Every structure is written in structure tokens, then in C-alpha cells.
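Both of the next two complexes hold chain A, though its partner changes from chain B to chain C.
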Partner chain A sequence: MIKAYLDHASATPLRKEVIRAMEPFYGQYFANPMTIYDLGTGVKEKVEEARAQVADLLGAAPERIVFTSSGAEANNMAVKGVALANRKKGNRVIVSAVEHHSVLNSARFLERLDYEVTFLPVDSNGQLDPERLAKTLDEDTVLVSVMHANNEIGTIQHIAAMAALCKDKGVFFHADCVASVGQIPIGVEELGVDLLSISAQPIQGPKGMGALYVRKNVRTMPLIHGGIQERGMRAGTENVPGIIGFGVAAELAAKEIDENRKKLESLRNDLIHGIRERVPKATLTGHPEQRLPGHVSYCFQAIEGEALIFLLSQNGIYANTGSACASKALKLSPVLGALGVAPDVAQGSLVFTLNRTNNRQEIEHVLDTLPGVVERLRMMSPLWKDEIETAE
Partner chain B sequence: MKFVKNQKSDDQLDLVCRMCPMHLLEPGDKLRCMKKGEVLEVLTDYDQALEDIPNWCERCGQDFIGVEEDDDCYKLYIRKKN
Partner chain C sequence: MYTQKVMDHFASPRNVGEMPDADGIGEVGNPACGDMMTVYIKVEDNRIVDLKYKTFGCVAAIAVSSIVSEMSKGLTLEEAKKMSKKAAAEELGGLPKEKMHCSNLGADALLKAIEDYEAKRDGRKSKDAGPEKEVKTAEDAPEAGSDRHLCAGCGKENPEGASFCMHCGHSLKS
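What follows is the complex of A and B.
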């Protein structure tokens, strides 16, 4: 049976080059990079090489990169860290309503500390209008955080326009680029952001590795206090193998981004069009054009996404309903809710996230299998029966 | 403690929110990239730095110029001597 792993937003397999690079740092080069003897200083040099590789992917100076344990930690550090360190400047934080939970819940945590938090709504494609942001900014605003692209619907935001608005008003701007890294170019100067989060997993680097770019003169409060690692910005002995693997994955991602983008766009378009043609009552979620090259998200009326995932997996197809957290909590996706998708439609959410390892044969396998699976589930669905009777 | 006002500087190091001993590690790295005679401005909200940084300058042969108190931090000035 053909296997089609199309859930790369959840996890990716490490590249062989990444595993090869990491391996010596579990054994031969085990020393603590903070030590001053040669075993440690040698490792420290390799850590700094990896920092430069990650910085290159973002067009940043290496000293502006802080390694973290995940994209979620980088997002926490950006939102909480900037708000806490700059409270005298302002007490208000603005985020979009479709942010990842690590941004939304950091903002909600700030509310508990009596910050004023504004959750800005998006349009039906999931985009935040820069004009709306411009009208919302005020003198008390200290930080705006908007994700570059959404992990559930693939929509890409107008980051450069929003960052420029914030710069004019002296407001710090953070972009969560965890979903977009490796899929579309990310340049800190082109985007004009003050802070930017990424993680290693989306580019087939190791789990448990993230990074935060912090522009010079942007004050942030460290969240993990302790030693002098990461220039006092993030304490804790470095995850050296993870950092090395992240560096290699970043270098390869930067090198291959144009080639991968073309391939992914072609596969994505085939999948989007194929589903539209073969499956009735299927609604594409997110922006039809301004979306990630490897992202396909649909809602199928009258069935549940979890049942779809289960039956697809029995056919060797691995996808997701969108947000793993919302799915496990049996809650409707807040992202789809923010788009105005009706709850009975949103429950049939299915998300395919492709990467460089996917091929056309896998897409054809999905298109051959999915219509039958959807039909089978609809035959068992009382909602579908109602739908047919209403139509008749 | 010598207090100064409107001291000009060639570069700045913002260590506000950073904990000990970053105020004793970062200035050395920064000064290594500066020219002799240039002045570094160190921003910190760590009270102990008022004692530590002048002592560090003396030990390392750098010239501690003085301190200015700002709204939310101290500004300490170091002239690179070597």
C-alpha cells in the first residue's frame, strides 16, 4: 500500500545530514560549551557556527539569535518578555485572533497581570487587515504579534506592511514564523520585524529546538533565569546536538527554498483542485492564493474530522484536523471560528501539510482514496441525511 | 561614585533585565570590538553593577568615566584604554 505522510506541521522526519551532524555531539563532543578548557571551547565554536547558519536563513546577525527549546518558547519569550521589560512604555499588547496557542495564551497570561490585550479579528480568509491594525494602535501599545502564516489554514499575513506601521508608532512587532520557515523566504530586514520565532522541526531539524530573533535595542525579559547561556537571555545548559542539527537543517532549507517552493506549490494545487472536483460539499479554508506552498485545508460538510483522519490512516494517509490541542480537547478550532466557519462545517476539518519528501504518486493516492472515505462517513451521518432531505 | 551628565558614547550595551554576572561579561566582549579611546555606554537595572563595574574596569585596565541615573536604569560609561 502506498503511504502518504502529509502531516508535516505536526512532525517531520530528520534529514540524514542532520542526524549525521548531530551524532558526534552525543558522544565524542559531549563537553559543556560554557567550560573554558579545549573540550568545551571546541563545542562552543560549533554552537556558534550553528547560530550563524540559523541567522543566515533569516538574514540576521548571529548575535541576534537566541536558541530556545521550541517555537512555543520563542513565542512566549517574545510576547511576555517584551511586555514585561517595557511596561513603562505601555501596557497594551495586540495579537491577531488566529495566533498559535503559545501566543494567545501568553497574551492571556499578560491579561492576568493587568495588561490590556486586544485580539484583532481576521477576514473570512484568515487575513488581518493592516488598516484595522493601524486604527487599533495607540500610545499605550507596546507590542503587536502576528503570525507570518497560519498552521491550520495556511494563510500568509501582510507582515511587512504591519511591521512598518508599528515601526512608525514606535511599537515592537513580533512575527511567529514557525509555520512558514523553510516554505517561503523569511528575511528579518525584508519583513521589518523586531522579533521573529522559528523552530527546527518544520525544516526537518530536531524536535525540542527553536530560536528567537531579537533586533538590537529591543529589550526583552528572560523567562528562564540561571546561568550565562545565550548571553543571559535564556539560561540552561545548551542542547548542543539539537543546536547543531538545527544549524544544518537551516543551511539546507536556505539552499533549497526556491526549488522546494515550486515543487510544493505544484503538488498543493493538484490536491486543492482534485478535492474540489471529486468531493462535493467541500470548502477550502484559508486564502485561496496567499497561502503556504505546502498547505491544503478543507472542511467537509456533515462529517467529523477525527473520523476522517482515522479512516484515512487505515489507507496509509496521514493528515490532521488542524490544531492538535483543539482536536484532543474535542473543541472547535478557534481559528476556524475566527474565520466565521459554521460549527457544523468546522467539525469536518482536514489539513494536509506537505514537505519536500512528498511526491505526485502520494497526492494521487489521496485523491483516489478521499472521495470514498468521505462518502462512507456521510452515509453514516445523520447530518448528511438531513442535508440531502433539505436539498430534495 | 562619580556621576556624569550628557556623556557622549560611541556604542551602547543594553543589559536591562539581565542578571548577574552578565554585567561583568558583556562589556569585555563589546570593548574588544571597539577602538582605543572610544566610550561604551552600559545600561543596567542591577544595583550591584554600580560597585562591580568600576572594580572590573580597574582590574581590566579600562577607564571608568562615571554613572548617570536614568528613569528606569543606570547608564555607566567606560572608555577603552587597552
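What follows is the complex of A and C.
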């Protein structure tokens, strides 16, 4: 049976080059990079090379990169760190309503510390209007955090326009680029951001690795206090194999970004159009054009996402859903809610996230399988009858 | 996360379908919370002789519907009414904690179908058997006219954007 792994937002397999580069740093080059003898200084040099590789992917200076344990930690550090370090400057933080939980819950944490937090709504495509942000910014605002692209609906935001608005007002701007890294170019100067988060997994680097870019003269505060690793911005002995792997993954991602993007866009368009043609009552979620090259998200009426995911996996197809039934907390995806998708329609959510390892044969397999699987669940759904009646 | 038996019933659900000449119909759940079940029963000599259902929901909801259809066939109405809320989950070899409500749903749907049958048999009006039953108008509902999303069927409040009532499953689309 053909297997089609299309859940790269959840996890990716490490690239062979990455594994090969990491391997010696588990045994042979085990020394602590903070030590002053040659065993340690040699490792330190390799860590700094990796930092330069990650910085290159973002068009940043290496010393502006702080390695973290994840994209989530980088987001936490940006939101909490900047708010806490600049409290004298202002007390207000603005985030979009469709941010990742690591940003949303960091913002909610700040609310408990009596910060004023504004969650800005998005339009039905998931985009935040820069005009709306302009109207919301005030003297008291210290930080705005908006994701570059959304992991659930693939929508790309107008980051450069929003970052420019903030720059004019002297407000720090953070972009969560975890979903977009490796898919579309991310340049800290082109985007004009003050802080930017990425992680290694989306580019087939190791799990447990993230990075935060912090522009010079942006005051922030560490979350983990202790030693002077990462220029005092993050204590704890470096995850050396992780850092080395991240560096290699970043270098390869930067080199292949154009080729990668073209390939993904072509596969994505085939999948989007194929589903539209073959599955009735299917709604594309997110922006129809301004979306990630490898992102396809739909809602299918009258069926539920968890059941859909299981039936697809029995056919070798691996995808994701924002359905409440698939989450342990039984909560519907807040992102779909923010777009105004009705709760019963959002239950039928399906998300495909492609990467460079996917091919046309896999997309064909999905298009051959999905219509039948959706049909099968609809045939046993008490809602489907109603759907047909309303359609006529 | 699911037992072999759950996956088996999910992959090949037994007795799926509708029953145009059903003696009793029970509908529970609501699409906004992700699960909805419609159970049709055929009763002869006080026994359930056939059961069909349609289910909108997750793996657990579908497997529960299927196992309930097997468990209840041949039972007297009294026996079927006594089926505990946990019975379906137990018969399936267990369900994840957060999915136990799906087991309740199966027992509830069966109970409603029996109540519907009994109400028809006794010539009473069924209280809450399904959307095709007589419903109150929106004017009867408390707080009608306010901007809250009120169900025309049972008058209870629902979250904005819900297409079906969280409480009785009645369509909220006007």
C-alpha cells in the first residue's frame, strides 16, 4: 500500500545529513562547550558554526540568535521576556486571535500579572488587517506578536506592513515563524521584525530545538536563569547534538528554499483542486492564495475529523484535524472559531501539511481515497440527509 | 488509544442505516459538540427485534453505536432500559476517559427510542424523541427575542454559531 505522510506540522523525519552530523556529538565530542580546555573549545566552535548557519537562514547576525528547547520556548521568551523587561515602558501586549498556544497562553499568563492584553480578531481567511492593528496601537503598547503563517489554516499574514507600523510607534514586533520556516523566505530585515521564533523540526532538524532572533537593543528577559550560556539569555548546558543538527538542517533549508517552494506549491494546488472537484460540500479553510506552499486545510460537512483521521490512516494516509473529539480537552480548534466557521462544520476539519519528501503519487493516493472515506462517514451520518436537502 | 474491539466496530460498524417504519426513534447529542446519534428500533412482543442507527461523531461514538445495536437486539424493553451508561464502553473493552460520554450517548439514544415507542403505543405525545416531533415555537421559549441563540425546540440557550441545539438537537437554522 502507498503511504502518504502528510502531517509534517506535527513531526518530520530527520534528514540523513542531519543525523550524520549529530552523531559524533553524542559520544566523541561530548565535552561541555563552556569548558576552557581543547575538548570543550572545539565543541564551542562547532556550536558557533551552527549558530551562523541558523542565522544565515534568517539573514541575521549570528550573535542575535538564542537557541531554545523548542519553538514554544522561543515564543514564550519573546512574549513574556519582552513584556517583563519593558514594563516601565508600557503595560499592553497585542496578539492576534489565531496565534499558537505558546503565544496565546503566554499572553494569558501576562494578563494574570495585570498586563492589558488585546487579542485582535482576524477575517474569514484568517488574516489580521494591518489597519486594525494601527488603530489598536497606543502609547502603552510594548509588544505585538503575530505569526508569519498559521499552522492550522496555512494563512500568511502581512508581517512586514505590521512590523513597519510598530517600528513607527516604537513598539516591539515579534513574529512566530515556526510554521513558515523552510517553506517561504524569512528575512529579519525584509520582514522588519524585532524578534522571530523558529524551530528545527519543520525543516527536518531534531526535536527539542528552537531559536529566537532578538534584534540588537531589544530589551528582553531570560525565562531560565542560571549560567551564562546563550549570552546569559538562556541558562543550561547546551543541547550540542541538537544545535549541530539544527545548523545543518537550516543550511540545507536555505539552499533549497526556492526549489522546495515550487514543488510544494504544485503538489498543494493539485491537492486543493482535486479535493474541490471530487468531494462535495468541502470548504477550504484559510486564505485561498496567501497560504503556505505545503498547506491544505478543508472542512467536510456532516462528518467528524477524528473518525476521518482514523479511516485515512487505515489507508496509509496520515493527516490532522482541529475537531474537538480529537483533542484530549474536547475543545474545538480556536483558530477555526476565530474564522467564524460554525462549530458543527469545524468538526469535519482535515489538515494536510506537506514537505519536500512528498510526491505526486502520494497526492494521487489521497485523491483516490479521500472521496470514498468521506462518503462512507457521510452515509452513516444523521446530518448528511439534511445537508442534501438543503443543497437541493 | 482505542482497543482492538473499538477499532473493529469502527472499521465495520454493524446495523448502520435508517428504518422508515421504525416503532421508536431516539435522537441524542448535537453536532456542535461533535457527537450525534439517531437510533431506530423495531419492537415485537415487548422485545427489540431490530435496531438501526446513524451516527455523526468520532471513532468512539461510531463504535458505541455499533456495539449497542448488537447488545440490544433481542432484549425486552425492560432489559434494554436497564442497560447502564457504561455498558457499551465495558463491552468494547474500555474507552479513553475523555470518550466515556460517547458510551452514555449510546445508552441515552436507546432509552429515548424506547420512550418514543412507549409514548406512541400509549397514545401519548413523546416528550423529546427527535426533531420531527412536535416542537414549541420560539415565542414559547424563555428570553425569546434577546440576542442569545435560543432553541425553538426546547428554549435553551446555545453558543453563537451553533447550527443545532446543544440540548435537544433541534436545528437552529431559521
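Note that in this section the second predicted complex is superposed on the first by the 383 of 392 C-alpha atoms of A that agree within 3 Å, B and C clash if a C-alpha of one lies under 4 Å from a C-alpha of the other, contacts with A are read in each partner's own complex, and residues count from 1 in each chain.
Here is the rule we use: a residue touches a chain if its C-beta (ideal position, glycine included) is under 8 Å from a C-beta of that chain, and two chains touch if they have at least 3 such contacts.
All of these numbers come straight from a predicted model, not from anything done at the bench.
S.K.: Classify the contacts of A:A85 with the two partner chains as first (chain B alone), second (chain C alone), both, or neither.
M.R.: Only chain B; A:A85 stays clear of chain C.
S.K.: By the touch definition at the top of the document, which applies to A:N75: first (chain B), second (chain C), both, or neither?
M.R.: The answer is neither, since A:N75 touches no partner chain.
S.K.: Of the two partners chain B and chain C, which one touches more residues belonging to chain A?
M.R.: For chain A, the partner with the higher number of touched residues is C.
S.K.: One more residue to check, A:S96. First (chain B), second (chain C), both or neither?
M.R.: After superposing on A, A:S96 lies clear of both chain B and chain C.
S.K.: Tell me which partner A:I228 touches in the superposition: chain B (first), chain C (second), both or neither.
M.R.: So A:I228 only meets chain B here.
S.K.: Give one of first, second, both or neither to describe whether A:N239 is in contact with chain B, with chain C, with both, or with none.
M.R.: Neither partner.
S.K.: So in the superposed three-chain picture, is A:N217 touching just chain B, just chain C, both, or none of them (first/second/both/neither)?
M.R.: Once the two structures are laid over each other on A, A:N217 reaches chain B alone.
S.K.: Across the two complexes, what residues of chain A are contacted by chain B and by chain C?
M.R.: Of chain A, no residue contacts chain B in one complex and chain C in the other.
S.K.: What does chain A use to touch chain B in their complex?
M.R.: That would be residues 84-85, 88, 217, 219-222, 225, 228, 231-233 of chain A.
S.K.: Which bits of chain C are touching chain A when the two form their complex?
M.R.: Those in contact with chain A are residues 7, 10-11, 13, 16, 27, 30-38, 54-62, 98, 159, 161-164, 171.
S.K.: If you look only at chain B, which of its residues touch chain A in the complex?
M.R.: So the residues of chain B touching chain A come out as 12, 14-19, 21-22, 25-26, 71-72.
S.K.: Would you mind writing out the residues of chain A in touch with chain C in their complex?
M.R.: 302-304, 306-307, 310-311, 314, 323-326, 328-330, 332, 337, 340, 342-345, 347, 379-383, 386
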